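First the structure, in the form of structure tokens, and then the observations on it.
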Amino acid sequence: MNITIWNEYRHEQNNPNVAKVYPEGIHTQLADILDAYGYTNVRTATLDEPEHGLSQEVLDATDVLLWWGHKAHDEVNDEIVDRVVKRVLDGMGLIVLHSGHHSKIFRTLMGTTCDLKWREADEKERLWVIDPSHPICADIGQYIELEREEMYGEHFDIPEPDKLLFVSWFEGGEVFRSGCTYQRGRGKIFYFRPGHESYPTYYHHCIQKVIANGVSWATPSNTTKQQYGNVKPLEDITGKEYE
Amino acid sequence: MNITIWNEYRHEQNNPNVAKVYPEGIHTQLADILDAYGYTNVRTATLDEPEHGLSQEVLDATDVLLWWGHKAHDEVNDEIVDRVVKRVLDGMGLIVLHSGHHSKIFRTLMGTTCDLKWREADEKERLWVIDPSHPICADIGQYIELEREEMYGEHFDIPEPDKLLFVSWFEGGEVFRSGCTYQRGRGKIFYFRPGHESYPTYYHHCIQKVIANGVSWATPSNTTKQQYGNVKPLEDITGKEYE
Amino acid sequence: MNITIWNEYRHEQNNPNVAKVYPEGIHTQLADILDAYGYTNVRTATLDEPEHGLSQEVLDATDVLLWWGHKAHDEVNDEIVDRVVKRVLDGMGLIVLHSGHHSKIFRTLMGTTCDLKWREADEKERLWVIDPSHPICADIGQYIELEREEMYGEHFDIPEPDKLLFVSWFEGGEVFRSGCTYQRGRGKIFYFRPGHESYPTYYHHCIQKVIANGVSWATPSNTTKQQYGNVKPLEDITGKEYE
Amino acid sequence: MNITIWNEYRHEQNNPNVAKVYPEGIHTQLADILDAYGYTNVRTATLDEPEHGLSQEVLDATDVLLWWGHKAHDEVNDEIVDRVVKRVLDGMGLIVLHSGHHSKIFRTLMGTTCDLKWREADEKERLWVIDPSHPICADIGQYIELEREEMYGEHFDIPEPDKLLFVSWFEGGEVFRSGCTYQRGRGKIFYFRPGHESYPTYYHHCIQKVIANGVSWATPSNTTKQQYGNVKPLEDITGKEYE
């Protein structure tokens, strides 16, 4: 079980307020979470590394990829985007966090704009559990409360999720589908909203639990590569006259 | 209510066997169907027209677009693909027919390969109704039988449909999700499998009824353009200290 | 197109505050709405009529049934419940309003408790549109705002909706899946949350529009009665030796 | 992790042909499968035991229940049905096998008739994988082939599955949604079609793998009991005048 955590890693280097919250980068904090949950093969990759740290070799060895990006979506090379998308369709799990909703990878996999409403106003968010039977909601009570977060509001321009797991309430009057799962090809995708760079969201133990649950859920399950293209019949076909 | 029928229109001009079945092109036969169902503003467009017959003006005036393409998917200009995809997200209905599953437009909107198994063997197809409550299945009995069709078989690499309407049985031993609906943005999409160019499928009255039903279902319903981006709060936000 | 509006009609007769809002009963106000939208064959039925106003004859002639009930769910006769459920499975559309979530009919069709959180506190509700492409959301903008309503909160113990159309934000901190569609048998079901008896919710033009849209959507669409039970094969079955 | 396998256990005692295939009952064969997959706390229960072997104590200690019933659905006591349904809504996983589609338990949880077409004609069934990413399809290739089975055909009168995992092709010309998952309350449900009493279906290693996968998937995941009923607000509610 190999996990790769990808982070844009720009805010933390350029903005002292963010650096105070995540001095070693959001990716390091995410790695610490997974480490605490007992995952042993966790590596990180960032935008400014060669190939953004996502060589074909790294991706081939990755079972679940986490993705945090925000202001530099356009700097992600299209070739790398294609590489990641192909690996997801080929079975790699993908956890898209917060502003990753606008990443090329997520938009390509969704086929929609993934636009939404947003606001930075230090407001309260409360994520309500919608499907208590789902393994990603395990050990979460009825809701998660975050004292201050960025607001994301509906309409969120995504395809209807396979499963809707969380809906957020925001102090300013909006709601948002904050936890959504999708199947694409042989890969499983989990979008999870919280995690603005200037708030200590990834230190919240419920948020950590959801992310750990998400990684476990998105792990590929010995899926079989399917056969496509021209095939021979499995049964005899009777030549019939068309009437 | 304006309908545009797009057809690649190559097989009919290059292959005498196809020309015998659709002497004036598949698009003309599809137009005749919709005409018979009382649709009055039906135009056609084909690959070899300027801008493939799909100028911005034409698309802006189109409520539902039907799409039949096969061997020349790559010749469809990327700019026109973008234009069509944007119009779908903006509310235009889209009916994707048969081999249109591999069109750039459908693949972009789905986010997957849309690969499948296929075989040309003059075999029988039987499309079973899966959701008898759905308006697209109106007036169809329990199944539609086609004496000879091309086979498409699972696995069909698409996102889970919002609604699965038909599943096909094939003589050679395969099954296929033959009628699928999707919502993308403010647009409605219906994929309908049958319609290989060398068979008289579009002369079958049940197939015609499903297509007419599909056009009616995919018609935009006074959808409201949603607001995206930065927004002001609708409620007062109390400045709170983060604990 | 025949519509029957069913109302428990107790609050309006026993509670002066409710009588002030709906002097002739909620059913009469709902009938006025549909009348204003041009529906001509609208009848009403109430709990205290013989057979609750829902004889087999009335139901057989009903295309869409609206249901408002609250404190007397237990007084609805089980035989009538069975009759209504059978008609829904047989194609009749069903619009379940507000506290009808706990009616025997809805619970039987859902298979779950349909429990939820609730509170009467004169608080604001804002229903956000989740699927702007859906005909039930036609002509509704981005949200509907109700100055005062009863709160219903998640977790709402229902099966995953076929389509989620509205999510409510409540002033007191909760969210709720306020507009949900389901297919059951050949019938279409729309659950729509707002409409507490002490508030003038059914005088709000957006709420009225959603109800009119819902009736139109739930109208049966020439669905075909399906054949069940023992059937003869449609194809030859080769006697084969089991290995 | 405690598993209870429930079997009607009548065919095996009354019909020599069935007894030849399952001399110790279908439940014993199912227990052997789970034993081989390493499950240790597996018990069985049958119709003719007191309380059908399903005392409250047994159910409370059961994490996943498997259900095989056929000709004696009516003999299952309504009180026990209620008990099982409540436990499912409370989190217990449920695997419904073959003719269990018509059990009171499944029909109650679905809210529909669960009717279907059927035929006993020693015909071939081929179950195609529809969602290769799903853990229940792990290690299954593209399809499972059964030389002889009873036919179940569409239309299958069920609610739209949360996930459709298998679609069957039958030699006689029908198709069927053979693997379906549902969430109800905090419980997960998996319906799996194959397993007619007169065929050695439960000796087929792929069928065995799917059942083992299903048990693993349906295991409750530390779900949280949700709070329902009247609740206090989490946020201040401003008294507002209604306009």
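Letters are used for the chains, namely A, B, C and D, taken in the order the chains are written, and counting of residues starts over at 1 for each.
One rule holds for everything that comes next: a residue touches a chain if its C-beta (ideal position, glycine included) is under 8 Å from a C-beta of that chain, and two chains touch if they have at least 3 such contacts.
Because the structure is a prediction, the values reported are computed rather than measured.
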item	value
Other chains in touch with both chain B and chain C	A, D
Comparison of B-D and C-D by number of C-beta pairs in contact, larger one	C-D
Repeated interface matching B-C, over half of the contact pairs identical, chosen among A-B, A-D or A-C	A-D
Between chain D and chain C, distance of the C-alpha-averaged centres to the nearest whole Å	30
Centre distance in Å when chain A and chain D are each reduced to the mean of their C-alpha atoms	32
Geometric centre distance via CA averages, chain D-chain B, whole Å	35
Multi-partner residues of chain B (at least 2 other chains)	126, 129, 131-132, 142, 153, 155, 160, 162-163, 171, 173-174, 183, 185, 226-227, 234-235
Footprint of chain D on chain A - complex, ascending	91, 126, 129, 131-135, 137-142, 162-163, 171, 183, 185-188, 220-224, 226-227, 234-235
Chain B to chain A touching residues, read off their complex	89, 108-113, 115-119, 121-124, 147-148, 151, 153, 155, 157, 159-160, 162, 171-174, 182-185, 199-200, 226-235, 237-240, 242-243
Residues on chain C engaged by chain A in the complex (per definition of touch)	126, 128-132, 142, 153-155, 160, 163-164, 167-170, 173-175, 177
